[in-house]
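Below you'll find a set of structures to go through.
The two complexes that follow have subunit A in common; it is paired with subunit B in the first and with subunit C in the second.
Entry: the complex of A and B
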C-alpha cells in the first residue's frame, strides 16, 4: 500500500486547475475588495472547518470539501455504522459495520484524497464546549435531529463576542427528507438563525393515543402501541434504546402480534425500527444535491470569490422540481438571537423590588408583572404561586447580592412578545 | 470572509444578548410565570430549581369528579416547544380518557401539539377532561363503555373509584380526602 506516501505528496500541477478558475479572477458580483490568486487560495492552508454529522449528508459533505481543497477538516458524529447505511453512505464498507462513523469516514477520506487531514470525534456535539468550536472558521451541519441543530445554533449565537470578530462562525445547515431538501447559511446574530424558523418545521407524525390503544388501522399504529404503551407498562422505568436490536425485536414481536389480531399488514422489523427511531426516508441523490450546495456556499464564504446564499435555499422534488431561494427574516422575539439586550445601571442600594418597580416605570419597554431569572437562578417569579412564594423573600434583598456586576438577567412578562435581557451595571 | 463582520458593525442593534440559558428553559420560564390558573388548579415543584419537572394538581369543582384531587407529572424535554411535554396521571383512576398506566388521551399532548401552544393550554385541556369525559375517543375502553351504556352507573363507579374502591375487579387509588 502506497497510501502513506500518497497522503504526504505535495499538490501536483493542475490539481486545482478547475477550482482555481474562480479564484484567479473576480466574477461579475465579486466584492471589490477581493484579492484574487494567492490570498483567495490561502483557504487551503489556513481554514479549519467542522462537519457535524457523518451520515448521508456528512459523507457527501466530507468528500466535496476534500476535493475542493479544504485540507483541515474535523468531523463529529455520535453514531456507529449500521448495515442499512451502506446503500448511500459511501465512505463505509461492510467491514466497517459497528465502527464509529466519524472515524471510518475520516480514515476513508484521508486514504482517498492526498494531503487532507480529517480529525474525527466520535461522540455528541454537546460533549464539546466553546473552546472547541472557537477553533473553526465555519461549521457545516448534516444532521437529522432538530434538537442537535437547535443546540449548535444556540451555541454559535452565544459565542459571538462583540470584541472579537473571529468569534462569529458561519453555520451552514443542510437537511433532506425524501425528494425535499434545504440548505441555509446562518451568520449568527446577523441573519435569521435556526431557532427563528422553528415554526416552519413540519410536524412530526403522531397518532392519537386512543387510536393506538383501541382502533389501530395502520402498521405504524401497532408499532406505536408497542413502544408508547406496552414498553412502559411491561418494562417499567427501563429506558428504551432504539439502537439496541433486542429492544427493536421485542417491540416488533408485540407489534406483529397485534397487527395479526387486527388483520393489519405491513409490520416489519425495519418499519418498527424506522417508526421508533423516527427515521426519515433518505435518498442518496437528494443528499448529494443538498450537500453540494452546502459545500459551494462554504467555499464562497471562506474564499469570498462570489456572493453566497442569502440565506435559505429550498428544493421540493416531489412534484416535478421546484426550488426557491429567499431571505428568511430574523424573528425579533427569537429566544436565541432575538430579544434586546438592555444595559441598565442600578444603584447598589436597590432591592429586587425597587428594581422591578423601575422596570415597570420605564416607558421604552412597557413591561407589566416581570419575572426575573439570572442564568438558572430564579430571582423573582410572578407565578405559579409556589414559585412566587419561594422567590418572594428575594424582593427585599439587594439586587447586588443576587446578581453579579455585568451579568445578565432574562425578563419575561405577558406584555413582552418573548423575553428581554438586561445587563446590570452597579453604580 | 471579508464582508461578514462589517455587516455586523453596520447593524444598529449590534449589542446582542448572550443566552446563558437554553431556549427551552427561557420558554418554560415564560410559560410558567404567565400561568393563569383558577383555584381548581395548582402546581407543585418538588425541586423549585428544576422548572422542567413538576406536578400539576387539578381539584375539579364541578362535574362527576368533584371533590377529588388528581396529580399529573409534567416532564419537559430540552427540545420544548418543538416537542410537547410528557404528561402522565400519577394516581390510577377510572376515566374514559386516561388508562390504568396514567397515559392521557388529549389531542394537544400528541398529534395536535404546536409550538404556539403553551403549558397553560395543556393544563386547561386536562381540566376539561374532568368536566367533560369523552367516551367516543376512549383510552380506558371499559370506562368509556360504562359511560355510554348507563350514565348513572358510570357516575356511581366514578364515586366508588375515587374513594379507592374497585370497579370490575380493578383497584383504584383513593384521590379524595
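Entry: the complex of A and C
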C-alpha cells in the first residue's frame, strides 16, 4: 500500500499522456471485449513483474518498464559490473565497476523515474523457490546463459496448476548476439516453451582434443591447447579466472609460442580472451530493439490493449533489417512441456560410453555429463566418486546387455533442470 | 594521386610503434571490446570521427542517441528550441521527471546523455529549425548525418530537398512514429561498402587451380604415403588432384551429368585405404566444388555496369577506381576475382594445412600485385588489401530522395502489390503527415486519414484491408511517442546510422516500417 501511495503522489498531470493514448481507445485489432480507460491502466497499481538479468538486455528492460508505467519491478542478477559492460549497459558508470548489477540498476531506475520501486536481488535464480516466483504476474528474461533459461523455463512450466489460473506466469524471453536477436512469448504448458526450441540454438564450436593436442591448424587450436591442456598441467588445481588479465596473458604467451612453432598466424591477446571466455559480441542497438520488443509484449499482455506476440520474433541487422515473426510449435516429446517420451534408436553394438557420447552430441538435449538409470538399475553415475567408480565398468559394456529393448531410461545431469525420460529401441 | 595518405601513414606508424596484439588491451579497448569484435578499429575510428545532428529532443531521438553515445560517436548536436513539458517528462528516460519540466529540452537531454560516455562531445542548440532552414542552410554541412523525428511536414520537405540538392551534404534519416506504428528512411545518393561482412565464402578455385596448387596436388605420391600423412591430405588437394585426373580421362571436361558426378565421388571413395578416412569423407561431401564453375558472382558483375564507372576521373572516390581495376582484372582469363588468402579449416595436420595455406597466401599476394597494376591512381596498400579480400561481397547502394515513393507515378502502387501490409503502414503514416501539414496538432478522424491516403495513392487505388488496420492505430494514438516504440526505433535507427557511418555491413535501402501491434518489421521500396 505504501508503494502505491508514493507512486500516485509522483504521477503529475500529463505524465502518461503518450502511453494513455493507446489505453483510452481501442485499435482495429484490439479484442472487442476490451475495457479502455481505468481498467486498462490498473496494471500500474496491481502488477508485480520480475526481470531476470540486469545486463545488456536487463538495463534496457528496466528502463522501458519504468517508463511504460510498471511501478513494482523486481530484478535478479548474480553478476558484478565490468568495464566491458559500459558500451551498452547504460545504467552503470565507471565508478560502478565491481558493484552488483542488480543493485546498481535498481538504484538508477528509482533515481531517474520517480514513483517506481525496483527490488533487487543479487544472486542466482536457483536461490529462489516456487513461492517467490508465484508472486509475479509475468517474468521477462534478458539472459546470456542457456542453462539459466532452461531452469526458469522448467520451473515456470512446473508451477502451472490447472486449477489455479494465477499459477500460469507468462515468460518473455529475449536474447541477442551481435546484430541478431530474438524475443518470444512463452505461456507455460500452452505454447512452445524454451526447451521445445533448443535445437534452434547455434551449435557451439568444439575442437576435438586430438586436433588441439596434435594437429593444430588455427590460432584457436593453439589457444585451446594453452587453456585446456597446459593450464591444468602446469598450474594444477589453480582456478583459471578469465577476467584476470594476468591469466589471459599467460595463456596468450603459451598459445603464441605454440603458434610460432607450428607456423600458424593470428594468435592475439584479444582472440585469446575471446576464445577462453567464449565472448559473444554485444552492442547497445540490438539490445535496445530486443528489450523494447519484450517490454512491448509485456505491456500488451497486462493491458490487453492489443494482441500480443504469438509467439516468436527474430531479427537480423547485418544486411538491411530482416525480421521474421512466426509461431514456434510445441514439441510433443519436449521433456519439459511435451509429456511424450523421447524415442532414441541405438545400434545394438553400442557401448554405454558410445551411447553417452551420442547424448552429448544431441542438439535437442544439450547435456554435458549425463548419468543414466533404467528403472532402479544404475547404469552410469557421474557423481559422487564412489558411485562413479562402482558404475564405471558399465561404460565398456553393451547398452543392449543392460537395458531391454523398448524400455525406459532416465537421464539426469546437474545442468539439466529436470529428469529426461527416454525410450530405447535397438536397431 | 594518393588517397588519405596522411591518415594511413599515421595508422601504419602507430601499428609499428605499439603492436596491439601482444599485451592486455588499454582502458578504451576494454570498454569497447564487445563492439570492436564486430566493426574493429576501422569502424570505431569512423564512429569517433562522426558528427550527428538530431532534430528534436523526443523520447525517440534520445533513444537513438543513447545507442550512438554508448559506442562512442564523436559528436552530437540536439537542435530543439522547446521547453520540457509534463508530457515529455513522462516518456523520456533522458529527462529527470518533474524537475526537468520548464527547462530547455535540448540542454536537459544533452546533459543526461553525456553521462553515458566521457569521450563523446554533445551540444544543445536551442535555435529554431525554421530559421536555420531560411537563413543558415550551411549549418547542416558540418555534420556527417542528420536524424529527424516527427519533424513538421513542411520543414521536413524543405530540409530533405536542401540536403538532396547537394550530394556532398549529409544523408538524412527521416523517422516518423505514432503509437505502435513507425517508419524510418535514409536519404542518400550513393553508399559504397567494401566490408559488407558477407557470409558467403570466397571461391577456393578448385575448378580453376592456380599453378602452384595444381603442381602441389599432382606431386603427391598417394600410393607410397604413410598412413598418417595420407589421412591428413586436405580435401582441397584431393579434389584438385581427382578433378585433374578426371579431366585427363574425359577430354578435359569436369563431371557434368548426375552419373558422372556419382562416378567422380566413387573415384574419391575408391582412393581410401581403411574406408573411414575423414579427409576423404570431407572431399566427397565437398565434391560439388569441383564442378561448380568459379566465376565472378552475379552481384559483383552487376556493379561493373554502375554509372560510377562512367567517366572515371582521378578525383573520383577510391572505391570506383578499385571497382574499375576489378572489372579489368576479371576480363582476363580465368575470369575470376582476385584470390582470397582465407582458407577455411579442414581435416588435416599442421604441416599439410599450413603448407596449403601458404600456397593460397602467396598466390593471393601475386594476384593483388597484378590487381594493383590495373589501378589508374595510387591507392594505399591497406585499402587495396581490404578491397581484394572482400571483393566477393562489395556493394553499391543508390538511394532516392525522401518522398519519391509517394510522389513518383506507379511506385506506391507497386509497393502495395509487393507487400500490402508494409506499404499500407507507410501510406498511413504519410496520410497522418498530410493531415498534420493541414491542421497541425489536431486529432484526425478515420475519414480524414482515409481521404489523405486516397489522395496520396492516386487514381484507381483500391485500399487493401491492411490500410484500415494501420489508419485505425494512428487515429487512436496520433501524437503518442510510446517509450517501447521509441526504444525499438532507437535501436533500429542507431544500428542503421552505425552501418552508414562505418561503411560496414549493409544499411536498408528503402523505408523500414514497424508495427508493434503485429510485432513485425518490413521494408518498402
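We adopt the following convention: the second predicted complex is superposed on the first by the 287 of 427 C-alpha atoms of A that agree within 3 Å, B and C clash if a C-alpha of one lies under 4 Å from a C-alpha of the other, contacts with A are read in each partner's own complex, and residues count from 1 in each chain.
One rule holds for everything that comes next: a contact is a pair of C-beta atoms (placed from the backbone, for glycine too) under 8 Å apart; a residue touches a chain by one contact, two chains touch by 3 or more.
Remember, it's a predicted structure, so these values are computed and weren't measured experimentally.
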| item | value |
| --- | --- |
| Partner chain in contact with A:154 - subunit B first, subunit C second, else both or neither | first |
| Touched partner set for A:339, first subunit B, second subunit C, both or neither | first |
| Partner chain(s) touched by A:240 [first = subunit B, second = subunit C, both, neither] | neither |
| Partner chain(s) touched by A:395 [first = subunit B, second = subunit C, both, neither] | neither |
| First (subunit B), second (subunit C), both or neither touched by A:291 | second |
| First (subunit B), second (subunit C), both or neither touched by A:321 | second |
| Which partner, subunit B or subunit C, touches more subunit A residues | C |
| Contacts of A:360 with subunit B and subunit C, given as first, second, both or neither | neither |
| Partner chain(s) touched by A:218 [first = subunit B, second = subunit C, both, neither] | second |
| Contacts on subunit A seen with subunit B and repeated with subunit C across the two complexes | 214 |
| Residues of subunit A that touch subunit B when the two form their complex | 31, 33-34, 137, 146-147, 150, 154, 157-158, 160, 162, 165, 168, 170, 187, 189-190, 195, 198-199, 201, 203-204, 206-210, 213-214, 228-229, 232-233, 301-302, 304, 335-337, 339-341, 343, 371, 373, 375-376, 378, 381-387, 390, 408, 410, 412-414, 418-419, 421 |
| Subunit C-touching residues of subunit A, taken from the complex the two chains share | 10, 12-19, 21-22, 25-29, 60, 63-64, 67-68, 83-84, 86-88, 90, 93-94, 112-114, 178-179, 214-218, 245, 248-249, 252, 256, 262-264, 268-270, 273-274, 279-293, 295-297, 299-300, 306-309, 313, 315, 317-321, 323, 325 |
| In the complex with subunit A, residue positions of subunit C that touch it | 20-25, 27, 29-38, 59, 63, 66-67, 70-72, 85-87, 89-93, 96-98, 101, 115-118, 179-180, 196-197, 199, 232, 345-346, 348-350, 353-354, 468-469, 472-473, 476-488, 490-492, 494-496, 498, 505-509, 512, 516-523 |
| Residues of subunit B defined as touching subunit A within the complex | 1-5, 7-8, 11, 13-23, 25-27, 29-30, 32-37, 42-45, 48-49, 78-79, 82-83, 97, 99, 101, 103-105, 107, 109-111, 113-116, 137-139, 141 |
